[in-house]
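Below you'll find the structure, written out as structure tokens, and then a few comments.
The letters A, B and C name the chains in turn, as written, and every chain counts its residues from 1.
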Amino acid sequence: MRKDGKRRTARRLRSKLTPPAPRPSGGGGADAQLDALNLQLPPPPQPVGVYQSLVLIGKLAYASGHGPLRLDGTLITGRVGLDLDLATGKAAARQAGLTILATLRQALGSLEKVERVIKILGMVNCTPEFQEHPQVINGCSELFAQIWGPDNGVGARSAVGMNSLPSNIAVEIEAIFLLK
Amino acid sequence: MRKDGKRRTARRLRSKLTPPAPRPSGGGGADAQLDALNLQLPPPPQPVGVYQSLVLIGKLAYASGHGPLRLDGTLITGRVGLDLDLATGKAAARQAGLTILATLRQALGSLEKVERVIKILGMVNCTPEFQEHPQVINGCSELFAQIWGPDNGVGARSAVGMNSLPSNIAVEIEAIFLLK
Amino acid sequence: MRKDGKRRTARRLRSKLTPPAPRPSGGGGADAQLDALNLQLPPPPQPVGVYQSLVLIGKLAYASGHGPLRLDGTLITGRVGLDLDLATGKAAARQAGLTILATLRQALGSLEKVERVIKILGMVNCTPEFQEHPQVINGCSELFAQIWGPDNGVGARSAVGMNSLPSNIAVEIEAIFLLK
């Protein structure tokens, strides 16, 4: 991916443009937040198709759609509004967020390499009658806000309802991050 | 968001790269077009979850999924093909576009800060039998073309059908813009 | 689109940052791969709404959602899991990929102008019970890997299920590419 040369240059460029990013309140950075919250990450997911989990382009990191991987490597499945209630759907979105963190940490070495969340697309496997997609996807968004703080950790977002997802996973979340 | 320093620099960089953007025909820019068309914007939407309505990254502005907010702050709801016909769905997409304009004007001060529409993702709350998503989403696309002109106002696009959307809104539209 | 000035500059900038991209193994570049695989591209699609098939922003190319256009200009339609089986759905995704290639070649002159696939969003028109979206979208992803090689041709990806798509097309795929 030749990210090193480009990332170094991007960092040099940015250092001329902007002041250093403030650290999230109450901690010593994103990795420390993960520890302080006692969070365990699932194993970084293996792609289940012809794609890469994360692609780095200059300062941008594009994360593929991630499902909710448990620590034991199994997936949270089911349809919200039918098999799963709102709280379980929200927990699944948080777990999908943890799975994205696992991918980021594997690819970048540290969550502190992320400057901010740019955007997430939160897709909920749900019934046609379901209307609380934002509350479900907050499970991921609140996690990211805990990790990177209430400004840098909170990006743009769409939260929508899908008629089906791969392997009947409860949510699939893709994201774009800005790197330092 | 530290946009000021980066945006200024982006503008300097661009001024070396490209000629000035042509103004949309028939008006004195995007804000004037809004007035000339007698368009009223709804109140800028408050996020209904843990996200920001707009995130600025260098020259790019990522707009969250926006619903069709009426001037009185209520949302246009219903499923196209069941509760709503094509014309009403298209009007909802136009209203979602106006809601995005409200977000842009609040964040940027002026719609003229937008150089062009890069891409929109138009998601229609509809029945499985519905097939006219492009005609629905044209409600937003035609508005943007009126505001920023037939070249800069027209971006890439996907228009697709969702089995459900938050609060049963008729459409949800997210967008990426290039700033001057 | 004023792409020429920006693209030239982008190329100059990149030439300072990164070594030349390696060619895909076994061929003389993307256009040669197309010939070597005996692939025929459909006619570049005409937008069926108010959008552009491809928008170029600096080094990034945003491709609109593309349907599976046959060589004769007709579309592959139907719902996977109901009207179409997995193999037919996968063939439709490959055809959508070929349609994206037709758009790229028309806009850029050559597929070799693409440095890498950044991300694709593969949307499958399918039943609520369908679970094999990744296998369907692999039809497009395997094609891109053949054209640009196993690294540059493979990007980030989401593969998801839609309750409906325009004109009942079997798949709709949008993509972001990095240009040289």
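FYI, contacts are C-beta pairs under 8 Å (C-beta built on N, C-alpha and C of every residue); 3 or more make two chains touch, one makes a residue touch a chain.
All of these numbers come straight from a predicted model, not from anything done at the bench.
The touch graph of the protein chains shown is complete. Chains compared, chain A against chain B: the Cα-based superposition rotates one onto the other by 120 degrees, nearest 5.
Homomeric contact chain B/chain C is classed as different-residue, with under half of its interface positions used by both copies. Between the Cα centres of chain B and chain C there is a gap of 25 Å.
For chain A, residues touching at least two other chains, in rising order: 121, 128, 162-163. On chain C, the positions that touch chain B within their shared complex are 1-2, 5-6, 9, 48-55, 57, 62-65, 79, 121, 123, 128, 162-168, 172, 174. Against chain A, in their complex, chain C makes its touches with residues 16-19, 60, 116, 118-121, 126-135, 137-138, 141-142, 145, 151, 154-163, 176, 178.
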